[in-house]
Amino acid sequence: MSEKMKTENLHLFYGEKEALKGIDISIGEKQIVSLIGPSGCGKSTFLRCLNRMNDLIKDCRIEGKIYYNGLDIYSPSSDTAKLRKNVGMVFQKPNPFPFSIFENIAYGPKTHGLRNKVKLQETVEKALSEAGLWDEVKDRLNSSAMGLSGGQMQRLCIARALAVEPDVLLLDEPTSALDPISTEKIEELLLTLKDRYTIVIVTHNMQQALRISDMTAFFLLGEMVEYGETTKMFYSPQDKRTEDYITGRFG
Amino acid sequence: MKNWKSKIIGGGLRVSAFVVLLILASIILYVLVLGIPQLKPTLFQWKYNSENVSMMPAIINTLLMIALSLTIAIPLGIGAAIFLTQYKKEGAVVKVIRMTSETLSGIPSIVYGLFGNIFFSTYCGLGYSLVSGALTMAIMILPLIMRTSEEAFLALSKGLEESSLALGAGKLRTISKVLLPSAMPGIISGIILGMGRVLGESAALIYTAGTATGMAESLLSPARTLSVHMYALTSEGLHMEEARAVAAVLMVLVLIVNFISNRLGKMVGGKNE
Amino acid sequence: MKKEGLFKFLFAAAALFSVLAVVVISLFLFASAFPTILEIGPLNFLFGKIWKPGNDIYGIFPMSVGSVYVTGISILIGVPLGLFTALYMTYFAPKRLYRVMKPAVELLSGIPSIVYGFFGLMVLVPLFRSIFGSGKSILTASVLLSFMILPTIITVSESSLRALDNSLLEGALALGDTKEKAVFRVMVPAASSGILSSVILGVGRSIGETMAVVMVAGNQPRIPGSVLDGVRTMTANIVLEMGYATDLHREALIATGAVLFVFVLILNLSFSLIRRKK
């Protein structure tokens, strides 16, 4: 199994405050990696480093290295737009653009220069099918995405991210705003996507991590305490803190 | 423990609200009830003469004035709003910009009229013309468009911007293809309020666009708008019936403008919930 | 990337346009007004009691007094009426009534000045004539203006009342006050800076109003003896004479506008000071 992304001694500062304190992680291709930990532990911050979304935040500074396919993503020659095309992201709150379903999906490919109408049509259908949404929306591609249910919106956002053909998908608590049935659908979807994509997911829900992920990383106060195979980590944690967190939460 | 003091206060509040509604209702009813019977086809003949006292040229001039002043003010207002919400949110420059736009919104229309007369009509040599009036009106409605556009951008969820950037889009593309269309309903309701301002304005236009009765044939022809027309008719005192008719037409237009901007406002409000 | 920079520059230019506009407006008004005021003599101009363009006598004191009277009385009528309405809308109005009142207030602010003036001329002037014996007067103009500032007072007061923490009211109610008293004892003082802003904005609107005032105030350029006398405001002075004025007369009207502009700048300044305090 080859390595898709890697960080080396990654530190992140908001002004004076150190939010990530030297993270070393290696993410293998076509795996699902869960990031767990209490609120404010730095797991979302870490996730946002992987496609440079933290660039938007003022006074945010990064030290250390992040590699995608062996290339340093913070090197001056790295193209942020291209990186974000390859490393897609889905956010906590479903946030479709207030456009039609079709335009939502087509936005990304158009951004990267796809103009051909037939090809666009194909891409949209493919992305929606991959996200398991095609059958539900194929008859109303031109109606507004704002009319979808919360779960459908989130799958639309996943489809939107897939439409630019990334190979890594970052998900920041994608189901925390959804009901259990929609959550289950998304989890099933992620398991089918695993064949083609590398997935990194931040989750508050430990059963979710256990159900879907191959590897799990436990974050606490800006440190990565433990990283390993999910089942191992949940049933025989190496670190006392991991154990406390897992048992405390399971009880 | 209701006592007589509270009852008086409560009564006073209710009466005030009633008086306000009464004022509005009596103005609208007075204008419409007395004005609508005065409407007759000759008032809408294409050319004005002292026989028909047609308001048609004024209506066309008003539409031209609205179109032209919005064409100038909209890009400036939206551009400024984009700068203040997407590029530079604080700092000395931003403070100065906000202060000046507040100043602009406080300047009385007659002072705009004076300025337009000195600067556009005289100094720039544009005379009493459609373009002098439109430039003056553009500056006058700029703060309104700027403020409503700013609010529309600020009301957008941060997620829209992030999603677009996460798809690899640049800042400019994110603004032009995602944020601007998403903010459009709010911006349009501001634009419609701006239309209402131009429609109702007279003091700033009398000495910039002039009071000539004809229809504007070019940007440099004088153009009496509907409100100015109404002022002219009333102050001359010779055509009070026609003035009533113009008042009714103005009122109906104002009602329409308000209705549309209200509807749009609700649409924007509903989406954020 | 070049395109990004170009557009950032364009957006910045659009934002700076309003600065440019204020600078140019000030420049042209004052560049014309200063020499004129010096020529007439600052004291003669500002405090001269006679305005006779035919004799080249330009004293705007009667007009300043007129503006102050009309504005002051309109505030005296409009502020209580507007504030009470805002209180009613915020705390007492049933939802269905509120849904009628809110757009009604917005509509009130959308009615053109000229239509207000027309209504004043056709309704208020005859009405006041039959009651007080004089139709076009300070009183008529003030009443009409108080109608026109209502939306400003109501909207700004309401939003500052709504910005207050509801627990304030609940606290007062818990102490056994009736809602009516609690609103006046607790909420009005708590929202006082917002209410004051609404008054300042109202003054600005009132002092700058032209077309409505010109139609009902009588427009005599002399210092009024009572509220039933006719009066000419600074705004009316400009709009009435600008059409035919030339030379020094024209310059004197522009100077009148500059004085009005300074009035408004002072108002704006105090408005932003209040807001900063908040």
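All chains are identified by letter, namely A, B and C, in their written order; residue positions are counted from 1 within each chain.
As a working rule, contacts are C-beta pairs under 8 Å (C-beta built on N, C-alpha and C of every residue); 3 or more make two chains touch, one makes a residue touch a chain.
Model, not experiment: these values are computed from the prediction.
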Task = Could you pull out the chain whose C-alpha mean position is farthest off from that of chain B?
result = A
Inquiry  = If I count C-beta pairs in contact for every pair of chains, which pair wins?
reply    = B-C
Key: Separation of mean Cα positions, chain C and chain B [Å, integer]   = 18
Message = Suppose each chain is reduced to the average of its Cα coordinates; what separation in Å results between chain A and chain B?
response = 46
Request  = Report, in whole Å, the distance between the mean C-alpha point of chain A and the mean C-alpha point of chain C.
outcome  = 55
Ask   = Which residues does chain B have that touch at least 2 chains other than itself?
value = 170
Task = Within their complex, state which residues of chain B touch chain C.
result = 1-3, 5-7, 9-10, 12-17, 19-21, 23-24, 26-28, 30-31, 34, 75-80, 82-84, 86-88, 93, 96-97, 99-104, 106-111, 113-115, 117-119, 123, 139, 142-143, 146, 170-172, 193, 196, 199-203, 206-207, 227, 230-231, 234-235, 243, 247, 250-251, 254-255, 257-258, 262
Key: Complex interface listing, chain A residues touching chain B   = 51, 53, 56, 80-85, 88-89, 91, 93, 95, 97-99, 107-108, 111-112, 146, 157, 160-161, 164
Ask   = Taking the complex as given, what residues does chain B use to touch chain A?
value = 157, 159-170, 173, 177-178, 181-182, 271
Ask   = Along chain C, where are the residues that touch chain B in the complex?
value = 3-4, 7-8, 10-19, 21-22, 24-25, 28-29, 32, 80-82, 84-85, 87-89, 92-93, 97, 100-101, 103-108, 110-119, 121-123, 147, 150, 154, 176, 178-181, 183-184, 201, 204, 207-211, 214-215, 235, 238-239, 242-243, 253-254, 257, 260-261, 264-265, 267-268, 271-272
